[in-house]
Amino acid sequence: MVRVALIGQGYVATIFAWGLSKIKAGKLEPSGVPLGNLDLGIGISDLEIVGSIDVDEEKVGKSLYEVAKMYGLEPEPELRDIYVSPGLALRSTPSFLKVKSLDSGRSLGDAYAKFEEWLDDVKPDVVIDVTSTVYSEPVLSWEEAEEKALKGILPHSQVYAYLLLRRGNLAHVNLQPAYVAGSPGFIKRAEQSRSLVLGDDGATGATPLTIDLAEHLKERNRKILSIAQFNIGGNTDFLALMDPDRNDAKEKTKSSFLKDILGYDPPHYIRPTGYLEPLGDKKFVSMHMQWISFGGFMDELVVNMRINDSPALAGYIVDLARLGFLALKKGLYGTLPEVNRFYMKRPGPMGARHVSKIRAYYDLVAFAEELKKK
Amino acid sequence: MVRVALIGQGYVATIFAWGLSKIKAGKLEPSGVPLGNLDLGIGISDLEIVGSIDVDEEKVGKSLYEVAKMYGLEPEPELRDIYVSPGLALRSTPSFLKVKSLDSGRSLGDAYAKFEEWLDDVKPDVVIDVTSTVYSEPVLSWEEAEEKALKGILPHSQVYAYLLLRRGNLAHVNLQPAYVAGSPGFIKRAEQSRSLVLGDDGATGATPLTIDLAEHLKERNRKILSIAQFNIGGNTDFLALMDPDRNDAKEKTKSSFLKDILGYDPPHYIRPTGYLEPLGDKKFVSMHMQWISFGGFMDELVVNMRINDSPALAGYIVDLARLGFLALKKGLYGTLPEVNRFYMKRPGPMGARHVSKIRAYYDLVAFAEELKKK
Amino acid sequence: MVRVALIGQGYVATIFAWGLSKIKAGKLEPSGVPLGNLDLGIGISDLEIVGSIDVDEEKVGKSLYEVAKMYGLEPEPELRDIYVSPGLALRSTPSFLKVKSLDSGRSLGDAYAKFEEWLDDVKPDVVIDVTSTVYSEPVLSWEEAEEKALKGILPHSQVYAYLLLRRGNLAHVNLQPAYVAGSPGFIKRAEQSRSLVLGDDGATGATPLTIDLAEHLKERNRKILSIAQFNIGGNTDFLALMDPDRNDAKEKTKSSFLKDILGYDPPHYIRPTGYLEPLGDKKFVSMHMQWISFGGFMDELVVNMRINDSPALAGYIVDLARLGFLALKKGLYGTLPEVNRFYMKRPGPMGARHVSKIRAYYDLVAFAEELKKK
Amino acid sequence: MVRVALIGQGYVATIFAWGLSKIKAGKLEPSGVPLGNLDLGIGISDLEIVGSIDVDEEKVGKSLYEVAKMYGLEPEPELRDIYVSPGLALRSTPSFLKVKSLDSGRSLGDAYAKFEEWLDDVKPDVVIDVTSTVYSEPVLSWEEAEEKALKGILPHSQVYAYLLLRRGNLAHVNLQPAYVAGSPGFIKRAEQSRSLVLGDDGATGATPLTIDLAEHLKERNRKILSIAQFNIGGNTDFLALMDPDRNDAKEKTKSSFLKDILGYDPPHYIRPTGYLEPLGDKKFVSMHMQWISFGGFMDELVVNMRINDSPALAGYIVDLARLGFLALKKGLYGTLPEVNRFYMKRPGPMGARHVSKIRAYYDLVAFAEELKKK
């Protein structure tokens, strides 16, 4: 059994919990789970959700069964037994949320201690951060993390990473854009505390497709002239991105890959563009690319997509929880670039070179097979 | 120097000749030449066009300089010295062409002999077939090829293959959908006559992209529900495809890859759809895909492209001529699956399994580097 | 009360019956009913379905309640009382249907008599033909209709028109591509038998949009260079169109409008393209247009749609039944060009000039208001 | 002869001047001129450019012939005789321009006087403002205009309007988003000074198309759930819009029409989104709409366009100059709502209700024919 704790019981975490229970009950195929058909030695059914954290007062105290209902999902009974505990709001939680958190009416130190009590209680093997996008900078040393966490100037995702790695003996998976696996301070600490940090920023929709399209063109030596990519959606992630700081965080993540893949940086405009409530979780993506073919002729491509944002990420969690647990059991600590490169938009550690997702996939499969044999 | 002969002096062959001359003159980058930046030991400038064949009475007897002008291209002076010789029309040439050919007013045997005289004269190392799409069946043995060629019931591309392999000591590249590298009879003969046949059907536009999109989805274990793909263009290839027989030839080529990549055959409708003259050589492609993501949610993707059809294929010829010549020099005979798998829609030999183009590319690069070292 | 009979109890007729019952029950807004918010003097609730005809043995003898269930719709109880009676299969019913019809095991004359018995029983004010697409030619005189009907060489939609107009005193609405309102023979007879024929071929999806886009460009004097339009779907209408004869029928309907709107006929390729079962009733449309702007610059537009084919047509029936009944009551006989021009792809009478749908709409509203006042 | 002066000698004004000269020379058809085929009594050849104003030091002092060359256009010799005079930069000119203007090194009063000298010299019948987008507020009275102009707190387009109307006896056409025809103060003054102001913000690309698509859906009573529209381009107008103030000005203009057309305001996100230099003047537009059809079914539409931004607007100038001149000659003063409603995004006067562009077109044609007869 793999004990999984969820931080941020939003739509992603809820789809994950709901879908996992459906797969276990034999009511759903593992579509959207990249390694769903690969025998990792750890089955999907071995995953067990043991705890959940959120700061939304609408959710804290409710069972995952009730939260799933809030999202219009028909849950399995097993979700009745897992309750949402209050987390840390800090200064970085989006302002449109009504907050119920450990740090309201408590000193930071006391709030952190409360979170550690929760950890003692839940004893997670793997922790998944799927909280809202937050602006952050890489944390260069453990001392820096410690100092800033205590001062209250570290954004929530980095505070969670700090508290989890202080405890150690777990795999922490960061699926949002904050610098966690991209922070040298956290990686080093993970090595010392028999832990793993995987991240950052799950790559599920337009970005990995853009990467593979860029690779496709590069392999034909077609010179890309420009790339424009728009994203618009109606879920709370898009709502949070209306805050320019958070949007910049995303922009930085998203466009860093082009030079690595192509060898040059074509003019591009790639960013989440807007919030439009009726689109819901099924975002609309529009992408335009133009390039030079043989003889100087110009070609053009437009991609339009409707993508269910949260399910795509939820499917990745099924793999990441298993891979993190397995690697830990086999004695791997720090981070796993072979895993990050496939699943993440800004794969840790800091400065890692992007490869196309299609290449990363085959490296991942080879890595997973090695790991199993260890 | 690599002596290259062209069969079918249409837009593809003309763009190739024109673009090659421009690259040699330093006036054009080798965009659209997949291995254009890889040192193969044979430079692009080593390619020399030594002969050209066509059956269009508008072209026979003209220089490539004049033919390039007919297509609105501004050619280099070196194209003045290469003339279009008459080829074999047989029964398979599209009816909208006014024909001037070796077999009009001559017995088949005499016409074949004339073609062999031309070969003696031209002495090609590499021959490129870029004639119009023709319906064909695989040729299972050399005897079958011989018998049908003499009876006049073999389509033109297979007749050219037959005559070239009878001569031997050359690399023959078939870029149209006829079964040449897909014919066991030709492969076997190539092995015996110190020759190579590469093919079939150059994969430049929507097909390789569809393959790589299918691979992209498969790697995330997303279940494809359906694929629709339309192609419409205004060049003579699309005009020829209005003939239902030729269109069927294309359909067969195009959709065979899905099962190989995905492990199942999703419902699909993939075929060249129509001829619309004002689109010219820049075809319009529209593709729709829908699939199941995690939790049973359905995603959708639409791709629209304007692609210069002929330049894309012309760029491939630059590689294929060099790779064919190089392999021959290193003593490889028969066919080269590593080459076919990347450049072709229906890679020979018969029954070869498709892999995604992105995987095929890295196999190709490894193969090319091996070859150079031999 | 308006007594409505349906011929062809497929998805369109079933959505209409189901949706009408939902609107009457106050459970659905009249979205998709063009004049849904206009007071015509006859309310939507005045429509009453009194009879239904089909030749599919799966449906004949079932209630509309049961048929709605077959299509996955949750019907209102009132549909329990209407049963599907057998119709006329003739030679023109698609071959993929298992048929139970009046003319199997009966002479044509007896079969027609049986149909007339059904009419006597049902006493419809308005009849709606939503059977499968069939190839036909205009019927020039009543004598021609009579002669061909008795010989059994008239396609089913024209036979229904013949039998209905022989009876008279009703409005017949033909929503499929057969020439009914486009047949002078039927129009003349309608005038004599105190009847109306409205049609042909309901214009709901890509065609009216193409018309209005063409009008939009014409108003800016932009010269259209080409139009390509593809349609692919998974309902039985698309399945029937795989038969080349039926497809040609559609093509003829679809492209006749361009010259009327633009004053010239731009090169175009417009036709239903394929059948792809997983798309279901929600067809995929892709359209490409290019034109010349001021100064000779070329612009391009691509439209992609997912359109629920049958609901769009079902919504029109709500208007057409009311307009037909109202006009009859006010003493209008023959046909109603003002109605046909908005709702139909090939508006009767024969030779009527197309106007853009947006213009036709305002003419329709004016006509409807006149009619009410009469 | 109609004496036309241009303010803002950017790409729009230059395409206009170049294209007009080509049409006069019989080398170009009047494509993209909405009323190009209508006999207005004033021919296209009657238009004569008599003056030009700009503040870009690269252009001031050059002939239109030289400016056309700068844009890669091949001009007619007649453009040699028209020179660009310096205009008013004020505070509202984009900061990326190197400025040479009447108000650098001069008091405002002196600068205005210099501009009036230029007017005395040029004696325009019609003036066209195609300067860069600028943020503005409506000017409610002539006194307000006067006061703010003298204080230097009026943006450049309103200053030009002020100075032109102070002179009177001319038609002023404002094609950018500043409130000119939308300012009651200017309209009233125009009535008093035997002048016309037409505007504001030429409607050439995505906006009028969106309007007509909204009308198309409304006529079928389809309920729009959401509209997303992105625009990205590489011309200086998009560059200027990167300034958030200017972008807001545009957003306000663009989305006000939906409620007028539909009767309700659907959730929407409509705005120019980004600057991407390689797209040049040929912007990329992507639009997504979803709506409810009959029975509650949801349809979707995506439009992607490549539109030459400046030629589309240049074509409108050919009409607007003629219509303005003609109306003045016939004694119409103030503004012309029938003209504004078709050509403009925010048609003056203030508070005018939007109608669909297709309806506005037929009103315009009727108005033009009336005008001619007067």
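Per-chain residue numbering starts at 1, and chain names A, B, C and D are given in the order in which the chains are listed.
The rule is short, and it goes like this: contacts are C-beta pairs under 8 Å (C-beta built on N, C-alpha and C of every residue); 3 or more make two chains touch, one makes a residue touch a chain.
All values reported here derive from a predicted model rather than from experimental measurement.
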| item | value |
| --- | --- |
| Shortest path length from subunit B to subunit D (each step joins two touching chains) | 2 |
| Farthest-lying chain, centroid of Cα atoms versus that of subunit A | C |
| Distance from subunit C to subunit B - Cα centre to Cα centre, in angstrom | 47 |
| Centre-to-centre distance between subunit C and subunit A (centres being mean Cα positions), rounded to whole Å | 51 |
| Between subunit B and subunit A, distance of the C-alpha-averaged centres to the nearest whole Å | 44 |
| Per-residue multi-chain contacts in subunit D, two or more chains | 300, 302, 304, 306 |
| Subunit D residues within the subunit A interface of the complex | 225-226, 228, 230, 232, 267-269, 273-279, 284, 286, 288, 290, 300, 302, 304, 306 |
| Residues of subunit D defined as touching subunit C within the complex | 15, 18-19, 22, 28-37, 208-209, 212, 215-216, 219-223, 282, 292-308, 311-312, 314-315, 318, 356-359, 361-362 |
